[in-house]
Structure formats: C-alpha cells, structure tokens
C-alpha cells in the first residue's frame, strides 16, 4: 500500500501528468489555448511510430519469445470478454439503454494507446523491462470489442439493427493507428538494432517531451468534452468509469500470470485491459451505432477513465503486478 | 562601443537572424515559400513550452530568489508605465489619432516572447546566466498595457467608447500563450531537475533549430505585412519604431539595477521592455478597438521594432547592461 | 554485380524504404492512415532546411572547391539536355502526344530532392563523403527542364500555345523549395562550423527519423495516385519510367567524371539526373500546360520512377560510380 | 456572360460518413463534388470543434455538389440514404453556372 | 424528395469575434451552425492570409447557419449587433432543406 | 433588418491559378473576396485529396465573392479568362446582404 502511494505520488508529479492537468485546467477555465488538429495528429503519428518501432526492435533484440502467440491470443480473447462484463455491469450500475451500454462496452474492451505509452514511460522510470511485443498485443485488442458490442445489441436489443458491413469491417481492421503501429513494429523487427541505431535519436530522446505536449492536448480536449457534457454523467456512470478499469486490469493480470510475462509485461497487459479507447472505437460507433450518444462514451472514456488510469491506475497496476509476480 | 559593434556583427551573422532575413527576402521577392498556419502554431507552442519549463527548472535549481516578487511587481508597473510614454511620444512624433496611438502604445507596453527567446539564446552564446523567473516576468507584462491603452482613450478620446468587458478581460488574462508559458514554468518549478532530465533532449537540443525555422516564418509574415502596408509608415512612425524600444529598454535597465538582477537578468528585462507584442495584443485590439488600423500597429511592431531588436537592439541592451552592472 | 545485389538488399531493408512500402501498402489496401497536409509540408520544410544547411556547412568547412562552378554549369546543362532525350524516347516508347510527352520530359529533366536526400543517407551509411555543394547543383537543376518542355511543344506541337509568362517564370525560379534550399545552403556557408554547432542536434540527429515518416507519407500519396490512375500506365510508359532514370544517371556519371567529383559526389550527380520532379514541376505544368494529363506525369514520376530509384536505382548508381571513379 | 441554371447542393455530414456519401453520389451519377473542411459547429447534440482532435469521430465535412436540375432528385435520394440515421444538414440552392457542359 | 424552404445565412467574421457571434446566435434561438475555416481574403482593409500566422488577430471565420424563415430577423439582429463595428460580411440565400423538422 | 440584393459568386479553382484569379478579380474592380480551403474532390479528371501533399499541383481553392449585380458581368469575364483552359467551377447565387454600402 505504501508502495502504491509513493508511486502514485511520484507519478502525479511527473511532467506528463502535470501537462495533462494544465491542459484540463486551461480548458475548464475557457482559455483559448489550443493545439491545431494537424499538430495533434502529427504527435499521435509520432507516438505510434516510435512505440511500434521500439517494440519491434525489442523483439528483434531479445529473439522471438514463445509467449508472443499466447499473448496475442490472450489479447484477442480479453477484447472479446471485457465488453461483455462491461455491458452487464453498466446495465446494473446505470440506466443506460442497450445501445448506449453496448457502445460504452466496446470502448472498454478496446484499448487506449496513449495510456499504454504513459504506462511504458512509468515502467521505464521504475527501471522495469517489458516484452517488446506488447505493442502488437495492443494492436490485437483494438477491434474485437467492437464486434462484441454489435452482437450484444443484436442479442439484447429491440434494435433497428446496427450497421456492420464489410466496409466498416475493413475500416476497423485497417484503421490508421493499427496500420502504423503494426507496420512500425514489423519494421522494427526486420531492421532490428541497425534500424534502431539510425533513428534512435528521433524516437527515443524527444519521446517524453512530445508525450508531454500530447497530454497537454488531451487535457484540453478532455476538459472541453466534460464542459459540454454537463448532466450526462450520472453517479452510476462515474463510478463505472473508475471501477471498470480496475476490473479490467484484473483480467489483464490473470493473462499476464498465466502466460508468465515479466512484471513489466504483466503491468502493460493490465493497463491495456484497464484502458478505454477514445480514437478508433468512437469513430466506428458513429458509423455502426449512430443512435448511441457520443457524449456518454467519450466523456466516460476520455474524461473519467483516461485521467484515472493516468494518475492512479497505472501505479496501482504496477504495484499489483509486482506483488503478484514477485517482481 | 567596440564591444557593441562586435556583438552586433556576431549577432547579425547568427543563423536565427539570417533565417529571419531569408524569410523576409523571400516574402518581399514574392516567393511562394510559406509555413502552414498549423506548423507556425506548433513551433510557437514548442517555444513557449520549452522556455517556460527551462525557466521553471532554473528556479527550482537555484532556489526561490527573493527578487522574484520584486521583479514581477516591476514588470507589471513597467507594463503600466511604458504605454503612457509611448502614447505621448507617438502624439508628438506622428499624426496618429488618439485611438491608433493608444493601440500602438498597448503593443509597446506589452512584450514579444520571441524577442525574449532570441535574447536568451544570445545570452547563452555569450555565456551569461540569468534568473529563470524572467519568463514569469515576461508573462506578467503581457496584459496590463492593454488596460492602459483603453484608459488613455477614455481620457483623451472623443470616443465611441471602446469595448472592454469581462469576456475580453478573461481572454486577455487566459490567452493561450500566457497559460502555456506560466503553466510550463510552474511545472518546471515543481518537477525541477528530475523533470528536466526527462524532457531535456526535447526542449534543449533542438531549440535553436526550431527557433531558426520560426524566425524564417516570422520573416515571411513580416515581409508580407510590409508589402501590403505601403504608405502606412510615415517617417515619424518609423522613427518611433526604433526610438521607442531604446527608451523602453532604459526602463527595464532601471528596474534590473534597482532590484539587483544579474547582468543577464537585467538584459532580459531591457529586452522585455523594449519589445512590442505582435500576437496577444493585436488580437485584443481587434476586439476592443476595432476602429484602430491593424496595419499601423502590426507593421510597426512586427515589421520595424521586432527586426530592430533582433539585429541591433539585443546586442546594444546586452552591452549597456554589462556596462551598468559591471558584469 | 554482387556488390550491387548486396547493396540493394541492404538498401531494401533499410527503415526508409520499408516505411515507404508501408505507406504504399496501406494506401493500396485503402487504410485511412494519412498524414495531414500541414505535417507533410512541415517535414518537407525540415528536410530542405537540414539538407541545405548541411551542404553549406560542408562547403564552409572544406573551402570553396573550384569544381563548384563547373558542377553548377553541368547541372544546368543536364537539366536542359535530359528532357530532350526523354521527350524523343517517350515518343518512341509510348503513344503520348506532344503535350503530354513534353510535360513528362520536364519532370525527368528536373530533380526530386527526396531522392537526393535518400541517396545522401545511403552514402552516409556506406561511409562515403561527397561535395557539400551538390545541394546547390540540385537547386540549379530544378527549373531549366520546364523551359525546354515548353520549347519542345512550340517546336513540335500544333499547339494552342502554352502559357509562359513572367509571373510563371518568377514562380518557378522563386518557388519555396528552391528558396529554402538555397537560402539554407548560403546560411550554412556563412555561419559554417559555428552555426552547425548551434543547430546540429536539430538537423542531424533526428534527420533519419523524419525521413522515415516523410517516406511513409510519400508511400501513401504514391499508392493513392496509382490507385486512382488505373489504365493510364501503358507498358511503354512503365518501361520508360524505369529506363529513363538509368539513362539519365549516365549523363550524371559523365558530368561527375568530367568534373572530377568524388565517388560520392558522382553518385549524387547520377541520382539527380536519374530522379524526376514531383513537387515543383507538376505545379508549373498545371499553369503552363493545363491540357497535359497530370495523372500521366504524376504516376510515372511518383509511382514508378521514385520507388525504382529509391529501391534499386540508388544502389546501382552507387556501384557504377564507385567502379567508374575507382572509389 | 452566358450562364445556365443549375442546383448547388451543400451537404454537411459526419466525417466518418464522408466516403459512404461520396460513394453514394457516384452511384447516383453525380459527375463531381468538392469537399470543404469544417472546423466546428453546434447543434442539438451539442458543440464540437476539431481543435486538437485525433479521432475522426467528432467532426464533419462539407460536400458541395453542383448539378443539373434533372439530376437533383437522384442526388437527394442518394444523400438521404446515407444521412438518414446520421447527423447532417442538406441544403439546395438555385444557382447559375458558367460552362454548363461540364455538369 | 420532400424539401422545405429555409434560409441559408453565411457570416464571414473576424476570428476574434467568432465566439461572441456564436453566443449571440445561441441567444437568438438559433438551433445550429457550422464553422468553416477561412484561409485568406482581401477587402478595403487590405489583403490577408493565415499562412504562417500565430496570432488570432488577422483572420476570419465563416459561420453557416440554416434557419426557418421566421427566425431570420432575430438572427440578423443578433449577428448585426456583433458585426456592427467590425469587419464582416453577412449574406442570406433562399434554399431548400431536407428534414425540415431539424431546424 | 434592412437587406439588399447582391450576387454571391463562388469559384472553385486550381490552387496554382489562385493568385492569377485574384489578380484578375482586382482588375475587374471587385472590392473584396474570401478564400476557403478545399480538402478534396472528384470530377471528370478523377479524385484528389490534399492529405499528405506537398506540391501545390493537385488541389483547389474556393474563392467567394459578394458583389452588386451590376458588377457581375465584369467579374465573370475576369474569372472566365483565368478559368478558361483550367479545371474549375463557377456558380452565381442571388443573395441578400447586410450593409450594402460595403460592396
């Protein structure tokens, strides 16, 4: 417990958290501070490129671990399972109808790559290594939850019927983030240490700084979202936004322990399971479930769960993973 | 005098000046070289982030100097005083009416953060340290001049009456530049050397290079401005654009000497007092004084005083500050 | 031959090629991965700035080589000659009419700065030095080919008459890329090692990484272009897109040998002669030859010749240059 | 100058539906359209702005389409089939065009 | 298809006044609007372009607002109160809309 | 509110021709125009998008120009002289403006 508190305290005073808070505060105070859309996109391209490549180069260096396949399978399974849990929990904890509950569930079954990145940087500060292939696991967990959500509606809903067609399927599987993350990962695997030597000073040294600016932007966007969604968050939903990541993290813990990942890898699995998508899934939901209210799922995911994971969640998961793996 | 000339010569041949000149020349020759708006904004976010954080980390390292409060107070007082001087000087030197004279005065009472950044980098080349909190002083000097300008009109003008309401007040105090500069400063103070270690390779190493590109862009914008404002600049206004920064710098010198700042800090105070805003104040003027002619204040500030300070002003202020402080 | 194959193999597995392939594949698979226009422009500004400055600093360091003037003259001559060869070759190899053949010829007479940059980075990996002034040669080769193309039409065409006026002439000579490249080169020459020391960590360390992202973007754009230009590429044109760079490179080889450039410089001259413009010339063609079909010249230049040079061409030119210069 | 009457259709639609809309337009025999970026807006579902956004979810596009009158109904039906369950605004204005042979 | 007449109001206004305009629109009971970015322009006060600009001072926004005819006057008064002393252009066009119940 | 009739001309033109168009407008005595960015489109010469582009070659701009009726012909002739051999779409709509003295 002391360890958690110490870690959380240290974490709370790290630049990335403080810049998130700055953005959030600026937005709530209605400052006109803003990051252009193109710049936000550039930073996200950079982060995906860097994290993917580093993961791949890590795999190239340490050799292809047997646990890679197991972890990918586990990732996909979790992304199928967690939304079901989330859905029924939501139906109990809140008054959301089937459509909205399913839409929210899809977000929690999928993952947030920035939470993953922030977690990696906490691991690094703590001096903990992790499996490079966890970025591939992250990619594998993006899409399945969306299918589950649509299935949940078909099963529970009166349902006008949601829209799932091959075009959407392709959009989901080939969305830009996945392609860049997986592509950079593979290029990292192929080019290995040589490739790393060439681009290291681009993807390693400036990484933390870019992450600070990106989190500033996310704070701004999250604050704006919260401001314009007054009344959407019932106490039940709010509680869900904090409880669900904790539950999700336990699924990730189980996976990490069963597969026998390092403490670092287990922590990352917990973070992935605990995090909620706010880029890929919202876009898919707008296409497939236009009746679902975006301010519900965006506010929960970006306004509640993301800050929770960033500040308290990550240190908690790290402490639990360490205790459980004895690492 | 020799020292000034040597410094000025060295300064004139530094990459940042030459890139400004390149941008200016390209624009005057009507090249289509241009920097996208989003990229210009990204660079300005980067510079504010970096300079703020470095200032804060500096304060964290050297401990909170007693002179901080004094400097802030002096900054605010200067920003109240300088516009009055500028206003009456303008009424003598040019034929500007009350509204336009007050609008211009507001610009000279406020500050230009890029001039400050360029000055810091000259100090660094010269191996001179300065107080990290000067970035906070810079922030404190942004807004007061605007209020003075409106008061000058109310006092001297026939006046339809300018628009100053609480919305504008909030906009000025919480404008993006101030929030990011002060926020980064505070985060620098809080996270100190630890935080610095994390993001140093993002905010220190590439800084000069980004500054070069940013000045290229400013040269382009300044050149375009001058091109489209033919006839606006009377000889009197032109003279004002060179004389006023020199006068302003003396106010800064007095403040630096009275407070007992280092030679570097005193130079920065002179630079702040000498510089004229071209980002925050123009926007505030468009809201509060729509009748004032933007090409007058923008051309003076960005087209005359900024290049003057960049090329000759900074070396002059540095030499004077050294002579006066014996540093 | 073995050397070429080894080099090509190494080259094909370098991160920059693989990122180009990733972008291309993503685009062909209709992923929504995309780079905002402003970000693509920012990267191109960065590359021009960095490559120009490095070239200039190189000249400052090694002193002004006598061969500079000769190389510039040779560059201009090649840019006048190559389009003529390209034009008649096209008329033989394809069924393009005079206007389209001339438009394509203009592209091959001019140069692609990214191919040049990619070539420089291959040289660097191979540990080969080259003349810094080759960037100035690159700039000198941008424009002449356009004039030749218009002359070819006037000579061969029935011709509504193309539009060449002083405005277009100025646009071509002062287009943003040339101005930034030459300007940075000159600033590099002026500020030399001192200037380099100031901005080195901005323009050297991250260079390869930015180049990767830029090539990702070029892959995306090239893939999209190919996708939407089905049927434009006849077998004859396709063959031209591969044969012409090889022919062009021999002109560059001759120039390099006659002038007595280093093996590296000769390779760069071959690359310049082999490469085809896809930024400046297409824009000029839209103004001067609106009747020419952009998908012909863009597909050939960006979709065929650029990838060919990037993957196979550069290693071939390097091997030939080494064999010919004995370097 | 010689001008001809035509219809100017402006469709403000969710960015995620943009490619579905343009596909529908193409199959409705529309020969051309132009897409303008949209920066923000407000409606019954609240305010939004593209500033700082990475996801395509919150944002709209504006598709402008100039067509001959006789093709209007086909276009509107195509647009409606896409907009239907989605956020979006469709307006039609009478206009004059130069070079009518192009439409 | 079934369309209804409405008014399309397009307001080109200084960027610094944008939020004041949208506040005014909201208080004039306007249910929605869309904001388009503007890249440059020219008028009696000279040329401008957003290229390379950091300040919000030199630049404009375009606010598009589709409303029922009966609400037009309220909207115009609201817009005028903001545009009044400022640079800006307001045009009103007759148009047809789909799904009139939305306005 | 008092409004006046005017013409709203919207010209979608290749980006490389933009400055030639605005020069022509100025010499046709047009007092103002506003330029909107364009993100992509489709026509007989195929699809295009600005995403990731560096060259100005593939892309268009939208120039909006509000003028008094009596100046329309001059404007259209000026526009036509530039658009003529180039890709581009010109539409004219009737509109009402506030503050007619400005045009």
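Per-chain residue numbering starts at 1, and chain names A, B, C, D, E and F are given in the order in which the chains are listed.
Going forward, contacts are C-beta pairs under 8 Å (C-beta built on N, C-alpha and C of every residue); 3 or more make two chains touch, one makes a residue touch a chain.
Predicted, not measured: the structure shown is a model, and the values here were computed from it.
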| item | value |
| --- | --- |
| Other chains in touch with both subunit A and subunit D | none |
| Any chain in contact with subunit C as well as subunit D | A, F |
| Label of the chain whose CA centroid is most distant from the centroid of subunit E | C |
| Furthest chain, CA centroid comparison against subunit B | D |
| Distance between chain centroids, defined by C-alpha means - subunit B, subunit D (Å) | 45 |
| Euclidean distance of C-alpha centroids - subunit C vs subunit F, Å | 34 |
| Chain centre separation (subunit A, subunit C; CA means) in Å | 41 |
| Sequence positions of subunit C contacting 2 or more other chains | 32, 34-39, 41-42, 205-206 |
| Touching two or more other chains - residue numbers and ranges from subunit E | 36-37, 56, 93-94 |
| Complete list of chain pairs which touch one another | A-B, A-C, A-D, B-C, B-E, C-F, D-E, D-F, E-F |
| Footprint of subunit F on subunit D - complex, ascending | 1, 3, 6, 8, 22, 26, 31-37, 61, 64, 66, 93-99, 102 |
| Residue ranges of subunit C touching subunit B (in the complex, touch as defined) | 36-39, 41-42, 45-46, 49, 53, 170-171, 174-176, 179-180, 183-184, 187, 190-191, 195, 198-199, 201-203, 205-206 |
| Touching residues on subunit D, where the partner in the complex is subunit E | 10, 12, 36-44, 60, 62, 73, 76-77, 79-80, 83, 89-94 |
| Residues on subunit A engaged by subunit B in the complex (per definition of touch) | 13-15, 18-19, 22, 25-26, 29-39, 42, 125, 205-210, 212-213, 216 |
| Of subunit C, residues touching subunit F in the complex | 34-37, 40-41, 44, 160, 163, 167, 217-218, 220-221, 224, 228-229, 278-280, 282-283, 285-287, 290-291, 293-295, 298 |
